[in-house]
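Down below are the structures I want you to see.
Below, chain A partners chain B and then partners chain C, in two separate complexes.
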Partner chain A sequence: MRLRTPNVLLPKSWVACVAVLLLAGVLPVSAAKIGDMAETDWRTQAVRFLTLSDPAVRYALAGTALLGVACGLLGGFLVVRRMALVGDALSHAVLPGVALGFLWNMSKDPVAIFVGATIAGLLGTGTVFLITRTTRLKEDSALGMVLAGFFGAGLCLMSMFQRLPSGGKAGIDKFLFGQAAALGPGDVRLMAVVTLLVVMVLGVAYKEFLLVSFDPGFAQVSALPTRWLQHLLMLLLAFSVVIALQAVGVVLVSAMLITPAATAYLLTDRMHRLLLIGALLGLVSGVSGAFFSFLGTNLPTGPFMVLSASGLFVLAFFLSPSRGLVPRWWRSRGQRVRIARENTLKAVYQILEDEAFRRDSISLRELAEKRRVTLEAAGGEARSLRRAEFATLDDETVCLTPSGWQRAAAIVRNHRLWELYLTHAAQVAPDHVHDDAEKIEHVLGEDAVRQLERRLQFADTDPHGKPIPGVHAVHGPSPAARPGKPTGYGGNR
Partner chain B sequence: MSDANRKTEAAGEPPGGMAPLEVHDLTVAYQKKPVLWGVDLVAPAGKLIGILGPNGAGKSTLIKACMGLIPPAAGWVKVFGKPISETLSRVGYVPQRESVDWDFPVSVMDVVLMGRYGKVGLFRRPSRADRDVARACLERVKMLPFADRQISNLSGGQQQRVFLARALAQESDLYFMDEPFAGVDAATESAIIELLHDLRGKGKTIFVVHHDLPTARNYFDWLLLLNMRVVAFGPTEEVFTYELLQKAYGGRLTILSEVAEAVRAKGHLG
Partner chain C sequence: MNLVPPFEFHRVVVAPWTTELANYGVMALMSFLVAAACGLVGNYLILRRMALVGDAISHSVLPGIVVAFLATGSRGTVPMFIGAVGAAVVTTLLIEGIHRHSRVKQDAAIGIAFSSLFAIGVILISLFADKVDLDQDCVLNGELPLIPLSPSVELWGIALGPPALVRMAVVLLLSVVGILLFYKELLVGAFDPGLASSLGFRPGWILQGLMVWLSIVVVSAFEAVGAILVIAMLILPGATASLVTDRLGRRMVLSVVHSALSAVLGMHLSVWLDCSPSGAAVVAGSGLFVVAWLFGPHDGVLPRIWRRRRTLEGVIDPAEAEDYPGSGRVIR
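And now, the complex of A and B:
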């Protein structure tokens, strides 16, 4: 597993989702639902969402798409720099700023809340930096304290405002778990500006951010303004967290930073692709989160967004073409089947060899004895050979086809060549080489075999005195089908 | 100090009339604990200079402070006669291999191209010419067939070659290399030393932090023995003596026996 920090985080986001879903049922969430339709079934809601007829739906859709892109892009840098927890601390630290921004003119003014939240977020990360610089505490403790401290302060402020006459109605509580349906044109405009800014800055300074993230010391020697770039990245992060707040909620916004980017890390090993895939996954999670939360009544958006993002992660974890669990299992299964067939073929070859190739078929009982398995298992092995057209199976009699014969001879050759190579070239004792050859025989390629043959000067017997099947055996018909008994290389000349 | 100056004159005036590196009274402290103390140096041009000293002697700190990566508590550094901030374009750097995350999602080519970033300039994209330079540098360290690999799929020696290719792509006049020989295979070690000799042949000055005493004598023209202060700085044959090495490494027995062996070997070779 190449992913470290985010991996630790993901289970946490799941727990948070479940907790929030439970809470959502208990807390008195005041309805700021689109169109004030309290009793609508999910089909009507789905149609309303998909036809985009309602302007509130359009705002919710645009807003969640924008925040998904911004968070997905910047999250890529957090993930590769192992700073995932910084995103977590930053997102929790903004809460007091949200409350104070709200206090500014006692309304949900997007700009005032944006400014307040950004300042609080940067103050939080600044505090973490200050603690790690001036005390012996390490970053994890500092992050944990600042995260909880700022979040606690924010909760206190918010519960105080709830008692004020205009508090609850204005929907400040939406900032905790997020409600995309509450997004207005002003919010979406701000989100568009920030997302555009993020895309533009990353487009212009991608190379600089890449180097600063990979090797800051080298970046400084390359005369890059590393300090400014770091500050700029933190500022953009704070902006993205703040615009995502209202739709995702303070509690889960860090998951929108980390999960899409972490998923992208499973799918690619190039930074620019990681950023693009992260942005796309962020967009998909955002939009689908908005959609699902829209289907029911009073469902918070954030948890559904994070569930979508986590679902995409699970998909990638199992299905990623290069590193996914399922494709890897499928590949290794194919290999196991092949190796099992080759072992059966080898057994058939050895039985025939013991009788100097006087006949060309064996009984299932002989195979079972040679392989030391039950008769049924031997039957299964024979049927597996038949499926690959390596053998025919009539009336408990196994007879190799030409291709089966060639494959069997090749495996036996590989085995014996390798044993010979180990005893000759690597000075391994003859009674030590068999087990190693049992494994290597299945993976030796034609090139390696040619090299071994040359190194061993086309020797024709293995260390145990058995003949090594030569070119004719590997590429020609079975010996029973032709006159003479050519076996080793000597017999071929 | 005067001794070092004399050596500079002996080595001949560097091109441009300025020493590649001049360090005066450099002191570096981590949280009020001095790591380097009153370091004076004037480096000759076109030399391969090994920096030797026990663990914690401040070898990495010295080169980092010379490049301005660590602010000094006192003293100054001049590179080609100017403060480092004005001459960064003439400085190349090979950091310690462990200093970066090799799981980072970049290809070998991406890393070598980073060597061009200083020349390319802020917010511009590397040109085709920059890519050609990067490719030539990869070829020089025999890593061109790996250009499209992700860097985590490389061996230690291959990773070190990639870092060297990146430094070559910087096309600098003064190089600082932090333990380039650490944890590399024998083939890479000889490839690196050949490369360093090649660079020296082109008049470049190269500082190499090194930890292996026996090979140091063969590899470097000059040696800097460091143990918080400069113990000795001069041509290898003058500095690689039992007395000076003992002074640098203190009473550490294992290292002393290593030194004794190395000096004996030197005696045998004449």
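And now, the complex of A and C:
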């Protein structure tokens, strides 16, 4: 237990490291701007942000963290159900509602805007549903039309406010690209309530939502109120889009739904983990977006949040342990190398077998002829065997080591056993079984081999009349190294 | 509070065509050209169910334009086109790459790709605000009201009009010529890529050509309507036309008619309400869509209700109703 104590310090130092790295990344950009904005040095801004001395910073931080959690949680349902772009349409469709909510009492009243935007968003998704239901237009066209039509109406309303004497514009344009610094205590309170609601509803009805998302038919026969659950999910989605609006902006809020959840989708197979990871990633991207936009004057928050989320996605895309491109490439490369080695071993075995194992070694030329490759390629294959300590290579002479011999015998055994199995159990003609066995020989495990042997009653000859290497061959020394033979392995002539 | 100004007939309806023609006429013409060019491409997007790829590309041309700006320091046509085509290619590659090399589905891949690129564009604009002659408002709204103010392009001593207008007209003209030349290829490519390749057309090339065409149309429309309303221009005309007719050729013609109507109606709407002209054009176009949705002969909601009632009353034999126009769902 005492060993674990240093870990308590780790988060702080880790945060500091990351902060330094992030700052380093921003440096050139800020340097280009330093002339025209001497009053807001990014270093003082960063210190202000990290020390949380400013109430605006605290509100921005709390707000972005909350919205990240709400969007990341709900986005999981969109991503697994291939409804990602419904989130896009929903988020654009809220704009006229924002404008009308603003009109309510000509001020940035969080509750009025919340209500207006939620209604508009639900109207938008309802319209998409109606269009796909009653016309031949497909979902993509319906989404695009609703997205842009509602957005256009919202822009019209907003441009009408701009000429009102009450200075209606103050603050409303922040809804387009987001400004976390403009969040006030009222906004944050509303965000906290909504996030709590989302978490609670998902916590209570997680099982039901899971069922409705993955198997609506089964949900229906289980007497779940499927339609109401779908509506509830849509309502929660609209809620979380609306609370995210002011910090992320209408245009990019869909990315906060999609990207963290898609990232989580690359990291896990379990839905509850997907939701939790999505919420965590949403939180991280929200907070880092707020941080970056805080470093300069008048930088919008939304794009930085989206880029942070996309950065995390790129990391997961390449490095996710189970599904990342790099680990997958690495694994498949390892497998390719292994299969190539096993094929070489098999060729060596067959050459030795053709001469009844009188010799202990073969020449590279023989290997090249058997494998039908050039001499250089055969040399490469032999060197690959040597790297795995399956063979020694001395003056163009390849000699299997004990482990190489055993591996070679096992592969040949797998191949011939499988051929025998296909001809006996699956009634395949003997001249059709070779190609299949070429593939399966590399993946047959010892358990499967035991089963095959038992089923084939420990037969020792394959359909082509060649002996199947038995336990003695696979686990014993090479025939060339047995007592009474003139040579041992390794060229001890 | 006078949010909705009174409807003064002369100011709203007559003046734009008489005393204010130089201003509003040019704006309406521009918005017609934009909607017509977009609508023609959009028909193919709708047929191929790629409407949201159009959405993605219209967002992601933004960083292409900004980078072209920063690289050349001017708003030249050629660099802008190159930037936009480059951005479109990057977008399609990103979508394909994410979709093919991970378990993320295409819809989420589209969402991730365009939002990241758009975010990069917005950040570049706000970082280099002093160098880039673009602002966030232009990205969303376009600058339709500014177009009539720019100096006219002259060719052989004839004043043709503002550069954006001329560019858009050329793009529209090229689109029409392109459709006439490659009508067969585009049609077969949209409906049956397998048949297209067996006929010796290259479906992949047709798709790439469509993407390049789309990005050029989107970038020339950008100045007028911004990055987001373009989607409406792309989809609304074709979607409205598809509710009225099944034939692709008629859809093309109807989508141009839709563009003209929405441009004129939108112009009047924006004069009346004194609001964003590009937004008003989209609202007018959506209104036309709703009209077609309610009354269209094929999928129209009201004719269908009426037909169903007549069928139920036995005025039309149900078997006969099969031959009734609009009951066939096959697009010929």
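Methods note: the second predicted complex is superposed on the first by the 371 of 493 C-alpha atoms of A that agree within 3 Å, B and C clash if a C-alpha of one lies under 4 Å from a C-alpha of the other, contacts with A are read in each partner's own complex, and residues count from 1 in each chain.
Everything below uses one rule, namely that a contact is a pair of C-beta atoms (placed from the backbone, for glycine too) under 8 Å apart; a residue touches a chain by one contact, two chains touch by 3 or more.
For clarity, every value in this text was computed on a predicted model and none was experimentally measured.
When chain B and chain C are set side by side, the one touching more residues of chain A is C.
By the touch criterion defined above, A:351 lies against neither chain B nor chain C after alignment on the C-alpha atoms of chain A. Touch criterion met: A:265 reaches chain B and chain C at once. In the superposed model, A:274 makes contact with chain B only, not with chain C. Of the two partner chains placed by the overlay, chain B and chain C both lie in contact with A:82.
Judged by the touch definition given at the top, the superposed model places A:155 against chain C, while chain B stays out of reach.
In the overlay built on the shared chain, the residue A:183 is in contact with neither chain B nor chain C. Applying the stated contact rule after C-alpha superposition, one finds that A:220 touches chain B and leaves chain C untouched.
Applying the stated contact rule after C-alpha superposition, one finds that A:317 touches chain C and leaves chain B untouched. Residues 82, 265 of chain A touch chain B in one complex and chain C in the other.
Taken together, the chain A residues at the contact with chain C in this complex read 29, 32-33, 36, 78-79, 82-85, 87-88, 92, 103, 106, 131, 134-138, 140-141, 143-145, 147-149, 151-161, 163-164, 173, 176-177, 251-252, 254-255, 258-259, 261-262, 265-266, 296, 298-300, 302-304, 306-307, 310, 313, 317, 323, 325.
Remark: chain B residues 64, 67-69, 88-89, 91-93, 95, 99-101, 103-107, 110-111, 114, 117-118, 120, 122-123, 125-126, 150, 152, 166, 170 touch chain A in the complex. Only residues 2, 80, 82, 204-205, 207-208, 210-211, 213-215, 217-225, 265, 268-271, 273-274 of chain A touch chain B when the two sit together in their complex. Of all residues in chain C, only 1, 3-4, 46, 49-52, 54-55, 98, 101-105, 107-108, 110-112, 115-116, 118-120, 122-123, 126-128, 130, 136-137, 140-141, 228-236, 238-239, 242-243, 269-270, 273-276, 278-283, 285-286, 289, 293, 298-299, 301, 304, 329, 331 touch chain A in the complex they form.
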